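Letters A, B, C and D mark the chains as written, and numbering starts fresh at 1 in each.
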Amino acid sequence: MSRRWDEGRRRRAARLARAAAVCPDKWVDPGSATALLEALLEPGDRVCLEGDNQKQADFLARSLARVDPARVHDLHLVLSVLALPEHVELFERGVARRVDFSFSGPQAVRLAQLAGSGRIEIGAIHTYLELYARYFVDLTPRVALVAAASADREGNLYTGPNTEETPAIVEATAFRDGVVVAQVNERAERLPRVDIPAGWVDFVVRAPTPSAIEPLFTRDPAQVSEVQVLMAMMVIRGIYAEYGVDRLNHGIGFDTAAIELLLPTYAEGLGLRGKICGHWALNPHPTLIPAIESGFVRSVHAFGSELGMEAYVAARPDVFFTGRDGSLRSNRAFCQTAGHYACDLFIGSSLQVDLEGNSSTATRSRIAGFGGAPNMGADARGRRHASPSWLKAGREARSDPGAVPRGRKLVVQLLETFREHMEPAFVERLDAWDLAGALKMELPPVMVYGDDVSHIVTEEGIANLLLCRTSEERAQAIRGVAGYTPVGRGRSRAAVENLRDRGILRRPEDLGIDKRLATRDLLAARSVRDLVRWSGGLYDPPRRFRNW
Amino acid sequence: MTGPARSFREATARRRLEGVLDPGSFREILGPAHRLTSPHLAALDLPVSFDDGAVVGSGLLGGRPVLAAAQEGGFMGGGVGEVHGAKLAGLLGLAERQPWAGVLLLLDSGGVRLQEANAGLLAVSEVMRAVLSARAASVPVVALVGGGWGCFGGMGIVARCCDAIAMSEEGRLGVTGPDVLETTKGVEELDASDRAAVWRTYGGKHRYLLGEADRLIEDDLSAFREAAMELLSARRDLGLEELEREHRHLGRRLEEFGGCADARDVWRAAGVEDPDRLPGLEPADFRAAVRAARRGDR
Amino acid sequence: MERLSFDFACRGDPAPLLAPILVGVVASGNLEVLVEGGAPPGRCRLEVLTSARGFGEIWEAVLRDFATRHSLSGLAVSVNDAGATPAVVSLRLDQAVDEYLRRP
Amino acid sequence: MTAAELLAALFPSGHSVREEGGLLFGTGPAAGGEVAVVGTSGGLEVGVESALALSAFVLEVARRHPGRPLLSLLDSRGQRMSRRDEILGLAGYLAHLSRAVEVTRRRGHRVIAVVYGEASSGSALALGFLADEVHAVAGARISVMNLPAMARVTKIPLDRLEEASRGSPVLAPGLESYVRLGGVESIWQPPFSKALAEALARPPGPDRRSERGQERGGRLLALSVRERVREGEP
């Protein structure tokens, strides 16, 4: 009995044969897209529908949502961001049954409802890197539906600045006998550059409308508050300067935007240019423009792009990774890797933090997922190269002076003690436990685990958790920056004063910060218009961010 | 580079007055310690403000004695309620009583404060009559429009009742604001979230080009101060001949631009080359670019 | 709306009687603070009108810390609040007292 | 009440007022001579063209008929709401109309307004409320916005607004509210010709609406605040 070793190829050939009846050519008529998918797909297939943080294969998602559920059903969807209404519709119509994903964004509430009613099976919620990793192990797609900017006659793909995760998906699918279908915005005679070679792509369809991209990383400086300015001053003085942080990633939010906008002013005044914030794993945040223009930033590798930043990025090739055509080349998988292994610091915000320093963005009624923050917001245990910042953090964390030296990543949680409507950000117990209980999840969805967190920064000060030696000390340090929340008011004044004496807790005045200087006047740009000015007119913000 | 040193738009009403008038010269009238808060907001269990969102007083501008009022856009969107409006009208009344060099109105308002609807509408009407009355008494009244709320509803009409208007490009002026327009007429009429379209329709640049705003300046307190000084000297006669001239001007505007569906069409029809670049220009470049096309001094 | 009143004992010389100062704006998540002289020496009176009900304990803690930070003897502080967080409240209170006392 | 009915009641012996596309122009006889009539009908929403036409008529009265009283008759749901009107600068056209009425008054013309239908917002401010005296006929409606719309915009629950508006002339839409607030001098009773003659006979004076609001208990702060500011009270 000899075993057949090419089942995958045979199945692929069978799919392509069925598809040929509908679409004889590699270029598919948009009107036949649904028929093509019905021909290609088999019940129970694992399908990757490209839904990145920004770029969405929205036309293919719509086409898939229209298939006949009698023919195509019980699909296993794998995608990183479940953001479109069509994604949810697939489950409501029975086209898909199971999902493995990473982040759900705008569909978080509907997703929780569907999961609660049993209409959707959630395999697992991943971080981005985990999910891409599983594409190459046990979640390899049979069919991948991806999005690109343009394609030529042969089917070479040009992704434009939003390459994002297309290479990871196509690599996993094409080299394991899967079928790759791409939607493109236009057909071109010559591509500016080839991001995916034609040989890895089976079908191309020109979408009637360009694929949807949201400007998710644009923060209007006009909305940065004085409290955020104060916290940014503390981060720059108490962490970036202190550790000499030169390689880093910023989460998205007004808190971190404030830091970016304080580099050319406050950090410059402290003489920190050239010493901090040189290398970034970061999307092209418009709020980074002033820091780039004033010479802080030496390099930026990006997960994806940002609407309006195209011309600016193209004009700054010494800073950004660009193709021969001049436009940005982003790559989410590589950038996540860079953020994990090659950055000394991650700083981000969160909705809730408990007394162990665990943080979560989950609430009872939403399944928001993780995205990439945990990849960045975790100590890289596999890291072996040293840097001053990494070594210093490692020294602080080591209680036994005789132990083998090793470094630590700085993982900073930056948040105000109260959110809007007086919701306390510090809690005894994360809402994530309730969500896990209600949906019978195996783990409460924790964004960043407390033992990975090195510092917590609030308007009250900085808690350095690396220096805490017991869980009791840690809890008091966290209470010490938790302000007037119930958690904060539960602190022991004596214990907190002791922590302050030891430099574990540092108030703004301990850092030499005059709170009265914490005004918006310190921001290098106070409006989107200012950002445009800094960019010399190269930044072209989306209309909704303009007031001119 | 950094942003403007002292943004008018970002400043509170009090800071705007301090920044526009000679340093240290502002003397508030009926200040916050009087606690003249709105009983109507209190009746609705809403927050009140000690000055009801209107700061009024006297000061010096380039050494000349002036009266000045500033609306606080942050409080109830600068909405005009009973007390708020009475303060503005009272200040304009004071203008007629002594030889003031003029009155500055730093307007930042969505119009009538809906929570005091009827009293607000009457208050706006009283402010309007008080502006015209002060002007009839030969006291120039100058409107400065550059706050975050712009100048809408009845206050848009009030602004245009003044002798002159200085606007920043961020400033907006109109009667029916973008949100009301979208809500009542649908998103096809105007998408209020399309800020480029909103500013084309109401913004300082368009108003300057049509000749409705007399100055188009940077969002900077000093720029507003300088404009206010110049405009105080540019009093317009409130007489029949002047109105007949204005009438011809407004009539020509309808003939010339009545068929335009978008401000860009107006700019093109006015003879601006490449109108699409206007929104991106800095105020000085913009003024130069539209020098010939601007529909002159009204 | 909820009205809260506090009267704290304060150390130090009474503050000078100067013209009142108003800082801040009653906008969502923000507040205005009116500082006046003329309260009895050794006392500081604070009046709060807030749109967020049920946070009296937090207000008391925030204001008590504020009174400890500054010498407020003889001052009356009045607040109109539209749901500001303690961070913003503290910042605004500090600005107001600073402005009252540091005037030319 | 329609414009024709009102005009017939105002001028029992006839008049020459034309009603064209929601605008009223013409003259009618009154005790002391001809009265110029200008106004709107059918709830006309006043846009740039109407505002300019109304202004033209008012300026003409001022130029050609010195001293002739101006009677403005108002039935208008407010300003016309459109992007085109805003692009063309409706605020300027309404302000122009306001200035025209004001200048006419200052040149010695008596200005009387009568609200006989609706009155709201921009058009009320520019045409009606600038008169020496504003009167109304029974059944006229003056408002800024109806309560359901106000509830949507202010995000105050409708039942709370309805409750608050009971007994509150500040909030409750309607003619009675404006009488109590002093915005409407009186509600005319027939015969209107007599009411008009009496109004025309009274001497002109300054804006007394806040005094009226105080006397009638509708606005208890406007007058005193205005006076205290006018006195320059620190």
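Quick note on the criterion: contacts are C-beta pairs under 8 Å (C-beta built on N, C-alpha and C of every residue); 3 or more make two chains touch, one makes a residue touch a chain.
Model, not experiment: these values are computed from the prediction.
Asker: Which chain pair is joined by more contacting C-beta pairs, B-D or B-C?
Answerer: So, comparing the two chain pairs, more contacts are at B-D.
Asker: Closest chain to the protein's overall Cα mean, using per-chain Cα means, please.
Answerer: When every chain is reduced to its C-alpha mean, the one closest to the whole-protein mean is B.
Asker: Roughly how far is chain B from chain C, centre to centre by C-alpha average, rounded to an integer in Å?
Answerer: The answer is 33 Å.
Asker: In whole angstrom, how far does the Cα centroid of chain B sit from the Cα centroid of chain D?
Answerer: 24
Asker: Hey, how far is the Cα centre of chain C from the one of chain D, in Å?
Answerer: Whole-Å distance between the two chain centres: 46.
Asker: Quick check: how many Å separate the C-alpha centres of chain A and chain C?
Answerer: 42
Asker: Check each residue of chain C and list the ones that touch at least two other chains.
Answerer: none
Asker: By the touch definition up top, name every chain pair that qualifies.
Answerer: A-B, A-C, B-C, B-D
Asker: Would you mind writing out the residues of chain A in touch with chain B in their complex?
Answerer: My answer: residues 222, 264-265, 520, 523-527, 529-530, 532-534, 537, 543-548.
Asker: Okay, in this complex, where on chain D does chain B touch?
Answerer: It is residues 48-49, 52, 55-56, 59, 62-63, 79, 81-96, 98-100, 102-103, 106-107, 121-122, 124-126, 129-130, 142-145, 150, 152-154, 156, 160-161, 164, 168-173, 177-178, 181-183, 206-207, 209-210, 213, 218-223, 225-234 of chain D that touch chain B.
Asker: Could you list, by residue number, the parts of chain B that touch chain A in their complex?
Answerer: 1-3, 7, 9-10, 169-170, 193-199, 203, 205, 279-280, 282
Asker: Would you tell me which residues of chain C are touching chain A in their complex?
Answerer: Residues 29, 52, 55, 58, 61-62, 83, 85-88, 91, 94-95, 98.
Asker: With touch defined as at the start, can you tell me which chain A residues reach chain C in the complex?
Answerer: Listed in rising order, the residues are 225-227, 230, 416-422, 458-459, 483-484, 489, 515-516, 518.
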